[in-house]
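Both complexes shown next keep chain A, but they swap its partner, so chain B is in the first and chain C is in the second.
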Partner chain A sequence: MTQVTTLAPPPASSGAPHGAPSRIRVRGIVKEYGVTRALRGVDLDVAAGEIHGLVGHNGAGKSTLMRILTGIEQPTSGTVEFDGDGAATAATSARPGDVRMAYQELSLAPDLTVAENASLSDARRLRPLRWRAQAERRIAEVLDTVFPGHGIELSRYVGELSMAERQVVEISRALCSDEPRLLILDEPTESLGVDAMRQMYAHLHVLAARGVSILLISHRMNEVLEHSDRISVLKDGATVLTADAGDVTEDDLLVAMGGDVRGDSPRVHDVPVVGDAVAGSGERPAAGETVATASLAGASLPFEAKAGEIVGLAGLAGQGQDELLDRLWFNGLSRRITVPRRRAYVPGDRQTSGVFALWTVADNLAVAAARQLARAGFVSLKARRTLADRWVGTLSIKGGASAPITSLSGGNQQKVLIARAFATDAPLVLLNDPFRGVDVATKDELYTLMKAEAAQGRCIVWYSTENKEVAHCDRVYVFRAGRIVSELVGDEISEERVIAESFDEHQDARDARDATTKDAGAAA
Partner chain B sequence: MTTLTAPRASGRSSVPTFRSRATIGAKHSAPGALSLVAMIVIFVIAVANQPGILSVYGLTLMLTAAVPLLLAAQAQMLIMSVGDIDLGIGQLVGLVTVIAATMLTTDPLLGVLALLAIVGAYALLGLLVQKRNVPSIIATLGMSFVWLGLGLQLLPTPGGQTPEWLAQLSAWRPDWIPAPVVWIVAITLVAWFLAKRTRFGTRMRALGSSSPTLSRAGWSLSRTRVLTYAAAAVLAVLAGLVLASQTQSGDVNSAGNYTLMTIAAVILGGGNFKGGQSFPVGTAFGVVTLSLITVLLGLINLSSSLQSAAQGLIVLAVLAGRVITERFVR
Partner chain C sequence: MNALNATKTKTASRFTWPAWGWSLIGVLGVWLCIIAVGGGNPGGPVLQALSLAPYLVLVSIGQMLVISLGPGNIDVSVGAIVSMASYVSVAVGALAGPLAGLAAAVLAGVAAALLSVIAIMLLRVPPIIATLATSLVVASATLLLADANRAGADAALRGFVNARVFGIPVTAILVAVLTVLIALALKRTMYGLSVAAIGQSTLAARKAGLRVTSTIVTTYLLSGAFAGLAGGLLAAYISPSTVLGDSYLLDSIAVVVLGGTLIAGGRPVVAGLWTGAVFFVLLSSLLNLVGWNLGAQNVLKGLLVVVVIVISSRVTKTGRSTLSRFLSSLRREPAATPTPADTPALTKENTHA
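Right after this comes the complex of A and B.
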């Protein structure tokens, strides 16, 4: 770490760079929910026209801080000041429209069209008649400016858009209003394609040059380092570091966020053996045995997954990986897919299709394993308890087995979902980008868990939008336009290779030629 | 990436074309299309059985009962679009006919106040559902007994006398067009405009689809729900008045089957229980289909004790068809 970094709490003088006045000045924000202290005293300064990166593990208090900055919640104590217009009490002085935010979990109503969604949060007045046309023009303007060539129909319902498209819409929605004083982006690039990501950052710099302050929250350290002017690190509800982006490295940030996050955490090597926990649940295929196959339409490579391997589905977001997983999970009557009778699925979107919000951690964890835990139709409470305790211990799920699931932080909820899948005896486990927004330490634990599970003969099919994660796979299928265009094995697997395959236009032409020659050959 | 703020070279804007708008709209309302098909099929069968239907008089006779049901169904559609359900609407419509046949005749001012009080009560009901998290199914079911009790108190046995001006309403029968068709089109247009074309309609669907979205965008959830309930109550009151004008009397039990009929009509028209969507036109198809089924079963001389069973089976068949078509569309 370099000398220039200031350690927490930053002295009041460490305001904005170059002596510019602070656009937003957060002092000593404390937020308590009952007995838990989500924020223990956050100080933050963002200057006008500054892109300020904010990083921290899950549970560090980022979401709570954002709820306070946007005015959804009031702090227990502390102040938020805009342009020094003074709020002496525990309140924000933000006026409506001052703060715009693009949410990580997206704030779009699926049953409304793109334009309707945008008009909901647009503070500008609409004319009373033909307001829809006006609303459409406004969001079209933003989309066309920020994401030229986005190809999103404005009259489409958001529920029909792909995750990547929704993310584009969410960011555009946040920008579709009067120019805000502060723009907050929470994990804006989690599901964006590479093009859209570049377009977005380019626009952020344009906005910053116009004087908009931007708070950029991301787990992708390289992006934060590249695009921020300054970076603050939040840990356990307090700012522990604020530094110029040029003066810190990725390692500095990771260390500030909470110790050494590199390498496997040793705890996880002791993975519970499922067959041992619930005896007689055989049906585990031998390693190397083919567990699932699928043939996709068009000039696609066939998909095959064997016992004991981690198969990655890579490529740009929304290129057909979801569809394959969905079909492996629930196939209907098609014969193009063979899957084992028992499968487990970990959804990426825990809000909508993951947790049973009213249940405890143990209930949530054991629900899929009920079949193995049951004797003659009755679930053995003792066996269930043992199973839950074991997984809670293995993955160090904070809060314990009997805590209500919703009291857990997002990362811990995700751990429960993953434990739920691995607690079953299903030979095939499907992961649909489950690590979105999960912190680095948790990810490392889960990677290790996956490897240990695969070593025991489990087959894991894993769709990830983070190209770096392919390093943990035994085999990787790269998707492009709904087809598998490439299969990478062993040493071939690398982030660069995946990116290259995801974009290789020549490859498409070659494939097409191959296909035609093959057809011609068959005809002859 | 450097051409970011430059005007788009192609000049093509993202504002949707009429064609893409129509395609998306058609796809969206596909589930209700089956109800249109069922409506046409049943109509053709009915005409084949009794060609007399195909006259202004025949159509008027056949569709008269659909008008109050349509008003109630559009009320149900509004409530269902915010993700709620109204199990008290049948009794409410019955109570309105009672008020129309008693207070509205004897003391018009008191009658109007009573009808306004119903709208106010519905607004409060919406507030209760929103603020106290009471499931609407419970709140409205409870209220249905209140409506029933009030109706029985006012008029223990069917009867009473509706005011003269109300009778005039259903006396309007032009020669050149069946009056119910005019009413049906007009009511549907109003509901369509409210649900699909006003900004309030957008908020209503947003509330049913994803309430956090609405509150983050700075809108009051309570206000939206209260206004939705009030609008539904206005439609239900109108349904009661039209029904009273047709029967010329009050009976709190006269619309008991409306509760389930309206829900069936919304579902037939493409709606669902999870909220967020509104299908005013589909609901109209649903209502007309249900009315036609009743007429058709009468025409083919099915014993009246079997009629509701047959009606139920037809509704089930249409819904099963809808599930299948939805699978093809997706």
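Right after this comes the complex of A and C.
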């Protein structure tokens, strides 16, 4: 991300963390759910006009803390003071509109339009007649200020928007109200394009300069380090470190988070055993054999994936990577696509197209492999259970095979979905940006698993919005405007290269525009 | 993820019961009332209920499978199919014997369901509209059949549906065996897994590689087949009539819901079909006993369904319910305090439920 961050404006001298009175003062917050302590004594101070970074692994208690700050839940003990007025929680002391939050899981109703969604949580009144126009004007104002050139139609249903557009709307929704005193952003950049990300951070600095306190939660250490004034680290439900952003490095933070997160996980040695268990029944092709091909419309390079390799689909979000994965998955009757009969898919949007919420971990894990376990249409419960147990063990999925899937944290749910795909004997595994909001240690384990699986002859096609992840690929196709514009192999693969290839389009567009204006000028 | 351990210890330490527990309590309650009001042999009302309940269970099996496919899925054509199948069974039975008659009744049900399937899958009509349209078509066919046909059911079939082993109706035993098979199929076959998965999330089922389209088609066809079978048997147990199946539409939905099947889909509860159906039949005899008319009975049934849906949506989660969860849902209104600022339209994150 080094290239990206240099594009962003230098942090404005926003707020004075030292000496300034605390906007929000959290002391000794404990939150218990039954016998479990989700938070065991959190202290946190956010000054007026400060951008405060908050980092921690999945399950460290960030989400719980945010629910308490926004007043959705009450702490078991401890106090939250808002601007020094000594009240017990933000819920009672803050006036409507004081605390705003953009949620990681996106709090948008898919069957409402952009404007309707924004007006739902807007504290300001709407006039009784022609309110829709007023609501549209309000959200348009925010969108145009924060994300100029966003290109989002306000009358579209949110369900029709791409993930990146939804994230833009979610952030704008949080800003669409009276100016808040505290703004909380939970993983705001996970699916944001580079442009939008830059615009968002620029606006955050403007807001901070106006005195708004901002709490920034992110797994992307470099962004937190670059844009925060101070950073707090949450570990196992307590704050373990608070420091000025200038005084800490990425490594410091990772160490404080408790991760031995560097390097390959030792689990790499366990993995092949799992693979073999299912591989026997499969139609696994020999390494190097072509597994899937596709030819895309227009002046696109052809797509090809071979057994034993990890093929990355990179580029800006929403440039056609989704469409290619969908075509490889559903196949249809197109003659321009060849895929093996057995395929597996790991969805990125685990809430809507991933987990089966009523089922246990084991049921969720074994559902895709059930067909190959079936004998004469019957799937043995024992075979499913054995398979699930083995994967739960290998990926150390917390909670065990018989836990309800919804009791797992997001990272662990994602592990289940990955295991679901790799538990099948499919020679082709498609991944649709599955590591959104997954913590570093988990990602590391899953990368290792993917490499081990590929080494056994599995072909993995992986769409990622995180450019850093291309480092784990054997080959990378960069997408732009629905086409494959470049293929990177081996040493050519780097974040910088991917970013450069993704952005040429802007150059193209400018060239095209220049050409048309010139033509128009000539015609005139 | 720590919350998980809490949930585990909680469920382990407290009494939990299956989703059909509520309707079983209903059965026992109504049964005691009947004995208290009517006196006589305590086994009598149950045996009597067992002769009528199998038909309701048959229709409800199909309805349960359809409802388990998820929001929007419902089969409102079952009533009309029951009526039509009763005539088909008698007409074909008179020509080619009672077994052929039953087979024809089942096929007629499948054919009717095929109409719904075409409308739902190809024309993308919402299931409630599609099956409603089918039931209009079927009702017209029933009228034609009724005009052409004045025969009664075959004597052999009549003997079969009235046969009893140790006082228990043979039909009840056979339908019980069938429900066990259905329960097994739901737990252990790809079809069963797919139904539950589709009911939870069609999108996720597609991405998990399940055969969504063929599962939906099969389910509606099965629903038609079971309604057809019920109609074919009822023709012998009662007699063919154009209004024979009318009550089966609402009753089948009510039985499915009372039995603990999630109305939102994804969790069929087969055992609940029996407790639900027996409860309904017993309730009718109790109300007849104390002199309620049919209209008042229907009002009560409707209220019961609404109450059960309200309670079950609060109490049950992932198939198990606890009394304490129910009581706590009554004590505390869910988060009446609005959030200070930010009321998201949906809060999907629910890690610590």
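The rule is simple: the second predicted complex is superposed on the first by the 472 of 524 C-alpha atoms of A that agree within 3 Å, B and C clash if a C-alpha of one lies under 4 Å from a C-alpha of the other, contacts with A are read in each partner's own complex, and residues count from 1 in each chain.
Note that in this section a contact is a pair of C-beta atoms (placed from the backbone, for glycine too) under 8 Å apart; a residue touches a chain by one contact, two chains touch by 3 or more.
In this text, all values refer to a predicted model and were calculated from it rather than measured experimentally.
Peer 1: Since both structures carry chain A, what do chain B and chain C do when superposed there: clash or fit?
Peer 2: clash
Peer 1: Output check: A:R327 vs chain B and chain C. Expected answer is one of first, second, both, neither. What do you get?
Peer 2: Neither: A:R327 stays clear of chain B and chain C.
Peer 1: With both complexes overlaid on chain A, does A:L120 touch chain B (first), chain C (second), both or neither?
Peer 2: It touches chain B and chain C both.
Peer 1: Report for A:T64: first if it touches chain B alone, second if chain C alone, otherwise both or neither.
Peer 2: second
Peer 1: After the superposition on A, what does A:R40 contact: first (chain B), second (chain C), both or neither?
Peer 2: The answer is neither, since A:R40 touches no partner chain.
Peer 1: Go through the superposed model and pick first if A:N412 touches only chain B, second if only chain C, both, or neither.
Peer 2: second
Peer 1: Between chain B (first) and chain C (second), which, if any, makes contact with A:R385: first, second, both or neither?
Peer 2: In the superposed model, A:R385 contacts neither chain B nor chain C.
Peer 1: Scan A:R220 for contacts with chain B and chain C and give back first, second, both or neither.
Peer 2: neither
Peer 1: More residues of chain A in touch with chain C or with chain B?
Peer 2: C
Peer 1: Check whether A:R27 is in contact with chain B, with chain C, with both or with neither, and answer first, second, both or neither.
Peer 2: After superposition on chain A, A:R27 lies in contact with neither partner.
Peer 1: Chain C: which of 55-63, 271-279 or 343-351 bumps into chain B?
Peer 2: None of the options clash except 343-351.
Peer 1: Show me the chain A residues, by the header's touch rule, that chain B contacts in one structure and chain C contacts in the other.
Peer 2: Residues 70, 72, 96, 103, 107-109, 112, 117, 120-121, 123, which sit in both footprints.
Peer 1: Spell out the part of chain B that touches chain A in their complex, as residue ranges.
Peer 2: Spelled out, the residues of chain B in touch with chain A are 1-5, 8, 13-16, 20-21, 24-25, 28, 197, 199, 202-203, 205-206, 208-210, 212-214, 216-219, 275-277.
Peer 1: Tell me, which parts of chain C touch chain A in their complex?
Peer 2: These residues of chain C touch chain A: 1-10, 187-191, 193, 196-197, 200-201, 203-210, 262, 266-267, 318-319, 335, 337, 339-353.
Peer 1: State the interface residues of chain A toward chain C in the complex, per the touch definition above.
Peer 2: Going through chain A, the ones touching chain C are 33-38, 58-59, 63-64, 70-72, 90-91, 94-101, 103-109, 112, 117, 120-121, 123, 174, 177, 180, 329, 343-345, 347, 351-360, 367-368, 370-371, 374, 377-381, 398-399, 403-404, 406-410, 412, 420, 424.
Peer 1: Along chain A, where are the residues that touch chain B in the complex?
Peer 2: 70, 72, 96, 103, 107-113, 116-117, 119-121, 123, 126, 131-133, 136-137, 140, 143-146, 148, 150, 152-157, 198-199, 202-203, 206
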